[in-house]
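Look for chain A in each of the two complexes below; its partner is chain B in the first and chain C in the second.
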Partner chain A sequence: MELDRRHFLSGLGMLLGAGSLLRSAPAYAVELDGTLIIGMSTESSSMDPHWHIQTANSSVSQHLFDRIVHMDASQNEVPGLAESWRNVDGNTWEFTLREGATFHNGDPVTVEDLIFSYARASDVPGAIFNLRAYLGDKTFEKVDDRTLRVITEQPNPIVPRELATTAIISKKVGETALPEDYNSGKACIGSGPYKFVEYVPGQVIQVERHDGYWGEKPQWSRVVFRPIPTGGSRVAALQSGDVNVIDSVPPSDVEHLEKDAKLRLGRGTANRMIFLSFDQGRDVSPYATAKDGSAIPNPFKNHLVRDAFDLAIDKKAIAERILSGNGAPAEQLVPAGIFGHNPEIALRDADAAKAKAMLEEAGYPDGFKLTLHGPNDRFIRDSAVLQAVAQMLARIGIAIEVDAMPANIFYKRAASGGEGGVPEFSFFLVGYGAATGEVSGVLRNLIHSYDDASGFGSNNRGRYSNPDLDALIEEGMATVDDAKREEIYRKCCAMAVADLAVIPLYYPISVWGMQSDIQFEGRSDERTLAMDFHLAG
Partner chain B sequence: MFASILQRIGQAVFVMFCMTVVVFIGMNLIGNPIDLLISPSATPAERARLIAEFGLDQPIWVQYWRFLVGLVHLDLGTSYIFNEPALRVIMQRFPATIELALAATFLSVLIGVPLGLYAGLRPYAPLSRFIMTGSILGFSLPTFWVGMMFILVFSVQLGWLPSGGRGDTVTLLGVKWSFLTWDGLSHMLLPALNLALFKASLILRLTRAGVAEVLPQDYVRLAHAKGLSARRVVFVHVLKNVMIPVVTVVGLEFGSVIAFSVVTETIFAWPGMGKLIIDSINNLDRPIIVAYLMIIVLLFVTINLVVDILYTVLDPRVQFSKARTR
Partner chain C sequence: MPSDIVDPFARDPEATARPLRDFARSYLRSPSGAVGLVLLVLIVLAALCAPLLSFQNPYDLLQLDIMDGQLPPGASSMAAGYTYLLGTDDQGRDMYSAILYGLRISLGVGVISATTAAVIGATLGLIAAYRGGRVEAAIMRLVDFQLSFPTILIALMILAVLGKGIGNVILALVLVEWATFARTARGVGLVESRKEYIEASHVMGVPTWRILLQHLLPNCIPPLIVIATVQVARAISLEATLSFLGVGVPITQPSLGLLISNGYQYMFSGMYWMSVFPGLSLLVTIVAINLVGDRLRDVLNPRKDS
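Our next item is the complex of A and B:
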């Protein structure tokens, strides 16, 4: 036979030799006015800034499009396209447009562009995660060339924050643009610090610096976003120098990246609360039964039971051990630094013995049977968190079972899976975060009683209801004076926590990884913005 | 042959039809994209408005009828996530997947057939034993783990190859390809090898088994006796007969690489269709799921057809008209 071992091996050797010639480009080092490459865990689903307002989309669109008001790293209002704004009376706000702001095509930004943008943003066909929640109650008027008047139906103190959600597009371009023109870049004309270069779905987004930008010029002349969905691959891309920055460092990699001298981590506590919600609406809750499975009156209507649960769950242990530092234990509805946070509310220490005694006092000396529901692909290590909570509750005598399911099934059942289209679960894990960056979103949508007509309590799946608290929340929502409103909201937070409307569990901590010559302070809105990254030294 | 092709197309249409019905009923049971994607600040009225806008408040058969009407107009619907026609979203990612699948298949044949041939011809040589043991690893190591190891070794430690993504592309016939640039090729090597590993082991074992079966047969001995060169005996008489099962497997595996290369695509951030379908299922993006599965059905039918035609080339005794009764 001619095909012998020698021939075969030499052939193999040649193949391998050829393979080792393939060398990738050298690792990119960052330099001033150079390119910044960002590895993103989630891909932006569209370049249309008024399409789904999810974190990944908002991150990218903020490079290209300005807002009338911007949010700084801890979600405080700072001037955007408007240089100033004032509250004329409860229902009226006036914004003064800055001079010198231009779109990427050279046109100046006008009041007409603002009005057009708000009209379009509330009417994009097919946009599910849309901006109507923030724009619905407002009418917009042009006062003069530089003044926009916003009139709301009810007194609304957070108009600037609500308008900070909406990207400003050019009326001239936007009027004739088709949905696909945004992805091709034809209609991607904003006034932001970067200009559109290229968008290849799932592959890459490239933007370059807009030299006529009115604000502070970013340090990078070009920014490349690459979606890298797998955590391990994202970390590997950072370590190999293929990208300069990554978002969402997986909990398991935090420790060894911290030790890597060539890398650095940046953290920001997200304005998002992951919490446990009780069914407090129905008289009999389907997943809370006696230990033999027979129906019992809904135990969660009893404050003592809710209190015992809160005391039994060791939030610190969950944050430290399960989330490995990617979460901070939550004692209230929003983390410190967010408007409405009440510094007087302290984190309770878990006490299983006391919790068991309280459960006994409430009339459940032997506990009861319960199913804990939650998603298994939505939050960091969500199944593990569910298991940990279950174990902690088992310690006080609850016969608990965990039912974790994919988010696509979970959310439908959590919203309307029960009899008659009501929320299905008795005790479940969910999260809430509001783009407005203050506490009123949580209070209004999560804590306020569910009310179809007014739309309050739309996310109150546990149907918690306290009329006194409702009145206080509504009072806060109509109070324009910041100091007074903060006072009211702090009181609301204290009441909601004391009443155990929900059990706040943790605030996710977003962790970014970057090369050690890059500096970044972290953000509370989970967005990754090239403008926030600076060359060290 | 023409009638047979027509029959295949008929089959494909029928399978597609059944599949759309199953997807519609299945998706309806799981949930709706509104509850999943809606803004946490939206009011119940807004939720109801959206459900009506998408027609999700209609009975399932009305929704299905609307889908069929759209289909007649060559409209598979607009993606709930990407705000683009479903077909376009898929077609944007199709070249990347096809390219990767072709590269992986090519590599697996390139590795599998010579190694299998060698192991079959010299079953007791130490190298053959080594190859066979190695192929067990190829079978049993999980793709996910191997992919991560590739990245760790070749990108992070050695720095030879990029860790993921698609690299530079060149537009040819209106489609972006990366196999035409050096940078694109270097991006493709690791994911293609990762995908090829399992298939190469499979092909290797099939080839070896085939060779072991064919070698003792009379016609091979006759060929030797006739004084044909060893090269001709092995590469014409033996290999051609071994190829029939291999071609079948390569064809089927090619289809499954295209349809289900999600693990590799995700690890290497390869912008193909595999990741798209998983994301779409997670987001309940029904137009994409339906369009994707229809394309996959069409693809499998086409591949089977090509495989059948290849049989007749490899073995003149196989007739196409008989092949369809298999």
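Our next item is the complex of A and C:
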């Protein structure tokens, strides 16, 4: 009995006092050369910059470690440790190292450090995500003390972008260091604008300004990252002044925070697309059946069915009602501003009646039975989006069920949960980001036919396959001339959209919340960098 | 053994002529017990008659319209022509209807899992008490083992393996709850089986199953009823927790826990109705059951002269 009440009361307490879980800290007003406290939705899983490449880790590591090429707020390449670079011929690039860049321990950054970093990043013990995807096709050579030569197996136009993913560490320090040594701070020595101070998993990461930094000096002498995973708590922490900045403001809070005179919001359309994927590989798809549950031939092999689905789903309503401005309806694979975006592709208006007629024409006058799978803790409001999609498909006669599950279970099953290790689901919600700032990653990994040997189509869980499009994608990837490449990519996008390889649903809009005396205009790569935040005025 | 042996202890000769009325009278002597009972009856009736009392079937996707989403209490529907008494959630689900349907799931899951757990647990507990020896040791060590893990952890693990769904939630709850019943049943069973009437039945050659079912079980029932009531409340809150964490019921068929979880994201935006109303319903339900359980414990306690 007693135990019972305790459980119950503690549950209630959690519901009502979400904000009270935070350690109460004195509220600081921001000032020049002061401390900036950032509340992060996701915690960096390691201080080792090569261990796990996800947004939170990249955000933190960008403070401590430079790359040879950096990305600005809309993901254009800007000089990092390399002050310039040039394409010698299709397969060869040369990067000129900046003079005067030093590590936090005073050592100068050398070409050896670069070569060592790329070798280590491809082979970190226990790494969750391996940077080999970006580095595997490259050989690195030292030309002279300031020149690094990169040779690729095939002509590769996006070498600078790919190298922008990999943090540069010191060879001297890094040779003997394990990922643990980065977490303790011992090996956490980079050349970035901030130096390591403290890392307490689950609680805090602190960094302080590196005065010998080669680039523009950030305005904050100290930056504190605090993980606050619960949306409501994060908002409460910002409102109470416990933190100065938060990332990923929940959609439901955007409206009332906007009205708060003490706060300001910064937005950036993410380079990510959230989409619905069909099983187009198997002849019979396990979760698409007749209404009585008996097996039917895979309906998604029929273009008309895919088209009807696309027409039935009101993306504008989802963006407006469910995401309340935290998402823009997606008409193609990448949002405007990303290289390869095709401005001629327009957003379609939803039309349930026409979609129903198309489904009838395709031979499903009464629809069929379908389970829609998706994660429930990965994207903003993901389970609400799943339900809204289900609602819209129910209107054209699909007997639809929704199965939303935690992302760590979902992704495993989505990739290999089916019979014989194939992707399990018939119709599912996933997302893909153009991490290199070009549409090529999406085309290569998501749209290109799946090929285990070459790595093409590595994220093509629906097994969509169009040989003509494959050829075009490969042609684009080997075209170094920017204008020509862009034209090819635009054509690829148009083909993929017309073919309904996937149904693009929305581009998430990342929203940052900050005190009104701080200024930040948002980034497209979702990273939260203290260097981007400035005192207003 | 001849079956015509008279079994003089099959019924308690001391029982009063109107046991039920006496019981009711002593139960109602406590105002809080009475209030709990009235609330519980109302809640159960509301849950049973949910389709009659609600405007909308919140589980039928065709009746939902996201254009009606996030409406405050008292707003009228744009399409369907009724008033949303408690507002709508982000999917355009009428909160009032969703709470009634959610109560059905919560109560159903609670009652079914507690009953099943009671049957399994009591059977094993009584067998342990009556047989003793190795059987008892085996069963009770299993119980100890089970009780040494936090229930939420076991339930989460089971659901992670089996996947979501109401059936799996019930299964998980049964698996975490049976041990409590087994332990109680064994405790009471041990006391009772040392008593003379059991010994007498034994001496008279009454078969074991009959001793267990007809003599031991009826006399162990009162404490089990109390435990069962409490366990129903516990199962409901556990189901709500699991759904809140996103591993319980399917999202298109929200139980109270899932409704709270959905609305929780809107807490700070002023759309309080999405989580407060289901939260209150859950609170009232659990309080009512616990009040009834408390009172039953007092009334059924042989040591307490009520």
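In this text, the second predicted complex is superposed on the first by the 510 of 537 C-alpha atoms of A that agree within 3 Å, B and C clash if a C-alpha of one lies under 4 Å from a C-alpha of the other, contacts with A are read in each partner's own complex, and residues count from 1 in each chain.
Everything that follows uses one rule, which is that a contact is a pair of C-beta atoms (placed from the backbone, for glycine too) under 8 Å apart; a residue touches a chain by one contact, two chains touch by 3 or more.
Values in this document were obtained by computation on a predicted structure and should not be read as measured data.
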Once the structures are superposed on A, label A:T96 by its partner contacts, choosing first (chain B), second (chain C), both or neither. neither
Going by the contact rule set out at the top, does A:Q387 touch chain B (first), chain C (second), both, or neither? second
Chain B or chain C, by number of chain A residues touched: B
Once chain A of both complexes is superposed, is A:I53 in touch with chain B (first), chain C (second), both, or neither? first
Could you tell me if A:G231 is touching chain B, chain C, both of them or neither one (first, second, both, neither)? second
Would you sort A:T147 into first (chain B), second (chain C), both or neither based on which partner it touches? neither
Which partner does A:N445 reach: the first (chain B), the second (chain C), both, or neither? first
Once the shared chain is lined up, is A:A317 touching chain B (first), chain C (second), both, or neither of them? second
In the superposed arrangement, does A:V402 touch chain B (first), chain C (second), both or neither? second
Does chain B (first) or chain C (second) touch A:D377, or do both, or does neither? both
Residues of chain A that lie at the interface with chain B and also at the interface with chain C: 1, 5, 8, 11, 232, 236, 377, 406, 409
Quick check on the complex: what are the chain C residues that touch chain A? 61-62, 64-67, 69-70, 90-92, 160, 163-164, 230, 233-234, 237, 240-241, 246-247, 250-252, 260, 262, 264-271, 275, 279, 283, 286, 290, 293-294, 297
In the complex, chain A residues that touch chain B: 1-3, 5, 8-9, 11, 19-20, 22-25, 27, 45-46, 48, 51-54, 125-134, 136, 179-180, 183, 200-204, 226-230, 232-233, 236-237, 239-242, 377, 406-409, 411-416, 432-436, 441, 444-445, 452, 455, 458-459
Listed in rising order, the residues of chain A that touch chain C in the complex are 1, 4-5, 7-8, 11-12, 15, 18, 231-232, 235-236, 250, 252-253, 255-256, 317-318, 321-322, 376-377, 381, 383-384, 386-388, 390-391, 394-395, 400-406, 409
Sites on chain B touched by chain A in the complex: 30-47, 50, 53-54, 78, 80-84, 89, 92-93, 96, 114, 117-118, 121-122, 125, 127, 148, 151-152, 155-156, 159-166, 176, 182-183, 185-187, 189, 229-231, 234, 266-269, 271-272, 275-276, 281-284
